[in-house]
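Below you will find the structure I want to go over with you.
Letters A, B, C and D name the chains as they come in the text, with residue numbers starting at 1 for each one.
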Amino acid sequence: MIDKFVRSTAEALAGVRSGATILIGGFGQVGTPNALIEALSEADLRDLTVVCNNAGTGTHGLARVMAEGRVAKIICSYPRSAGSVVLEELYREGRIALEIVPQGTIAERLRAASAGLAAFYTPTGVGTALAEGKETREFDGRTYVLEHALKGDVALIEAWCADRWGNLTYRRAGRNFNPVMAMAADLTIAQTQTVVELGALDPEAIVTPGVFVDRVVHIPYGEPDLGKPLY
Amino acid sequence: MIDKFVRSTAEALAGVRSGATILIGGFGQVGTPNALIEALSEADLRDLTVVCNNAGTGTHGLARVMAEGRVAKIICSYPRSAGSVVLEELYREGRIALEIVPQGTIAERLRAASAGLAAFYTPTGVGTALAEGKETREFDGRTYVLEHALKGDVALIEAWCADRWGNLTYRRAGRNFNPVMAMAADLTIAQTQTVVELGALDPEAIVTPGVFVDRVVHIPYGEPDLGKPLY
Amino acid sequence: MDAIIDAKPLNRPQMAARVAADIPEGWVVNLGIGIPTLVADHVPEDREVIFHSENGVIGVGAAPADDARDPWLINAGKQHITLRAGGAYMHHADSFALIRGGHLDLCVLGAFEVAVNGDIANWSTGANEKAPAVGGAMDLAAGARRLWAVMEHTTKDGRARLVQRCSYPLTALGAVKRIYTNLAVIDVAPHGFVVREMIAGMTLDALQARSDAKLHLPA
Amino acid sequence: MDAIIDAKPLNRPQMAARVAADIPEGWVVNLGIGIPTLVADHVPEDREVIFHSENGVIGVGAAPADDARDPWLINAGKQHITLRAGGAYMHHADSFALIRGGHLDLCVLGAFEVAVNGDIANWSTGANEKAPAVGGAMDLAAGARRLWAVMEHTTKDGRARLVQRCSYPLTALGAVKRIYTNLAVIDVAPHGFVVREMIAGMTLDALQARSDAKLHLPA
């Protein structure tokens, strides 16, 4: 019997190695795998490359992972926010590498990895500082920049509902990067708010089929913070 | 008030021009926009390029569109079947051009068009007759072939359920190429088996958001043929 | 260079309202952070405009009351929102396929500068800042079928934002089609900036004095 | 060259059963048209293997009774199928992302020929045929993490299908990892074909006589 549930976040992260590329889902406070990120900050790991739209705020979550010195490089689109003090300090001191990628290009590079493509030509960023040094090419009179697939060793995502095959649904804006990252990593680990029996999810409404998911941990984490959201 | 419903297939096809590239959804008998295809065979059109996984069987559907002399070129993955006599005759006589593309490459070329990408590098077909003359390139020691986006002027698709914004769901294997083609054409026309009020579809389960759909015609066509399926 | 005028510049809600007036029913529209976000409030309820947020929400509705916020429903600016009947959710790859694939009728962005050739600079003030942040701005600017910029006509210290050539890092080349400022509405035409409309009391000379690039009147 | 042997070749269901025996629980598997399709029937119900069909069905179940067919549910071979509890639907771009992206543990395809370097020819018999048809074969062959070929060991007129170099148009280069024939199970190893198993009564000499490329025994 296929059963992808594990009992703890520590078990969920078993086998993750230093030097790994970790994809972390979520956008703002919504759909973020908070418990898995906490476990990551407590694991004995170094030199991680983290791909995440934002770069953490305050001193918890991804900011704590960075503060613990586990992250060598962040690939993100929007590191800046009122509370992103950890990243800013590490960045100023040259202790963390930062690759800024347009948000849609991050999504598309992940999607290319999920689909076995090596690279693609996109119009985003042409003529800007973020395309400097990158190959460009004209198609039908328009210039495009070559961007490469971005594959994760591990993806950490949050789902709303899961079954034992790892089929997943999400909740409203909690979908965001999660389904894309689920498909783009060798080892995909989901924390899920709710759990159902196999067969209970509508096959027409499953967003991430279980074939893309390796481990699921049930974390009824609760609602995202209703406080003033930080960018 | 946005209302994408039109009253007839003829109205649905209004403005489609000779020389257009037409994407046609469906796989086998399932999810095929039969009424729109019939209307296409009756429209005064010439020199169409048709993108469709199969190339029609018997003397109805796409086969009839070809028999009427409306099609200059077919782009498909699987033209051959027991009943594909119309295509075979036209092809043997040199009266129709045929571009055979691996099924996944058709899907991906459509998806690239839907996403505004110009081209991508895929491993499919490398070293085969279908990649002859195409640019190849190595990434991380593996060879990939460059494939270009395939955009439609028009997409004809079949949905299961639609609302007046053009939000769509599909039925089981009737999904197939339909959502991909809906996003890849300038003018997307759906025939739908059922209709609901705006707001009745679950926003978590809408497969094709209405922003990708231009016209919807309500055709309670009925179930796909249960007879022996033809490949 | 400056000219004394007797004109009251638009405030931010008025700028947003001016943009909203030009958005017809049925358009699919993405609104950037800042003044653009306010545009939605000025589209009448009965004019169905489909607002898209790049974090995968289509059919963004009016802002919720403070005590009726849905914790799971935010926009790209991380503000709480509502979903209209007919709305839908997508993941990020599909959401940006929508943007880049030409499925947005319009994107409205704030800007630092717009150049006479349509170049826009809106994401970075240059090399000396802390970790730079681009978000979805480059995708939106490169992908939308129409890009309108909304900004004050000049900076707080009086420098022109309608420029011959952008001084800040670019977001996209030749992308802007129209500019809404607190003083005027200006099209970006092949031959340069064309003033479509000015606020009451504004003169072309005074507007020119506040602009770096040459302004034209419609032919 | 030929050798007289006293061995009864496997029939098609037996070949399918032999393949099925090697598929462990939990694998995600795509089965090609022909003998491969039969493999699913030989996986015990209680061994959960997730069968994928490239037209967007994950979790293909047993064939339906003739009077219980669902008109909307077919596989890539256009045969009527069922969906297991836990199954899901995808569109074609996602379905082939699954294939090319390395998410298939295994694909089992029929073949005309497999070469000693793993090249496979299974989609076209050459230039003189009518409109050629590839379907998803090239995607599956290039994308699956493991590709196994199932075929008669020789053609009806006795020509070898395990060859030094394919004579038919290729489907993919160096893709096949294992071959199941009616006579043997052969691995495609870096140094060539390695015979893992032969049917009762078969000898290596007799098998070699029916093969174009050199056969090895395991080291």
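In the analysis below, a contact is a pair of C-beta atoms (placed from the backbone, for glycine too) under 8 Å apart; a residue touches a chain by one contact, two chains touch by 3 or more.
If you're wondering where the values come from, they're calculated on a predicted model, not measured in any experiment.
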### Query
Fewest touch steps from chain C to chain D?
2
### Message
Between chain A and chain D, what distance separates the C-alpha centroids? Give it in angstrom.
### Response
36
#### Entry: Rounded Å distance between chain B and chain D, as computed from the means of their C-alpha atoms
29
### Query
How big is the gap, in whole Å, between where the Cα atoms of chain A centre and where those of chain B centre?
33
#### Entry: Touching two or more other chains - residue numbers and ranges from chain A
108, 111, 115-117, 122-123, 170-172, 203-204, 207
## Note on the structure
Shared-interface residues of chain D (touching two or more other chains) are 83, 89-90, 93, 96, 99-100, 143
### Query
Taking all chains into account, which pairs touch?
A-B, A-C, A-D, B-C, B-D
## Note on the structure
As the complex stands, chain A meets chain B at residues 108, 112, 115-123, 137, 139-140, 142, 144, 148, 169-172, 202-205, 207
### Task
Using the touch rule from the top, collect the residues of chain A that touch chain D in their complex.
1-2, 111, 113-117, 163-165, 167, 183-184, 198-199, 201, 203-204, 206, 209-212
## Note on the structure
Interface with chain B, chain D side, in the complex: residues 33, 53-57, 69-80, 83, 89-93, 95-96, 99-100, 124, 130-139, 142-143, 169-173
### Query
Which residues, counting only chain A, touch chain C once they are in their complex?
27-30, 55, 77-81, 84, 87-88, 91-92, 98, 100-108, 110-111, 122-130, 170-180, 207, 223-226, 229-231
### Message
Which stretch or stretches of chain D touch chain A in the complex?
### Response
25-26, 28, 46, 48, 50, 52, 58-59, 83, 85-90, 93, 96-103, 143
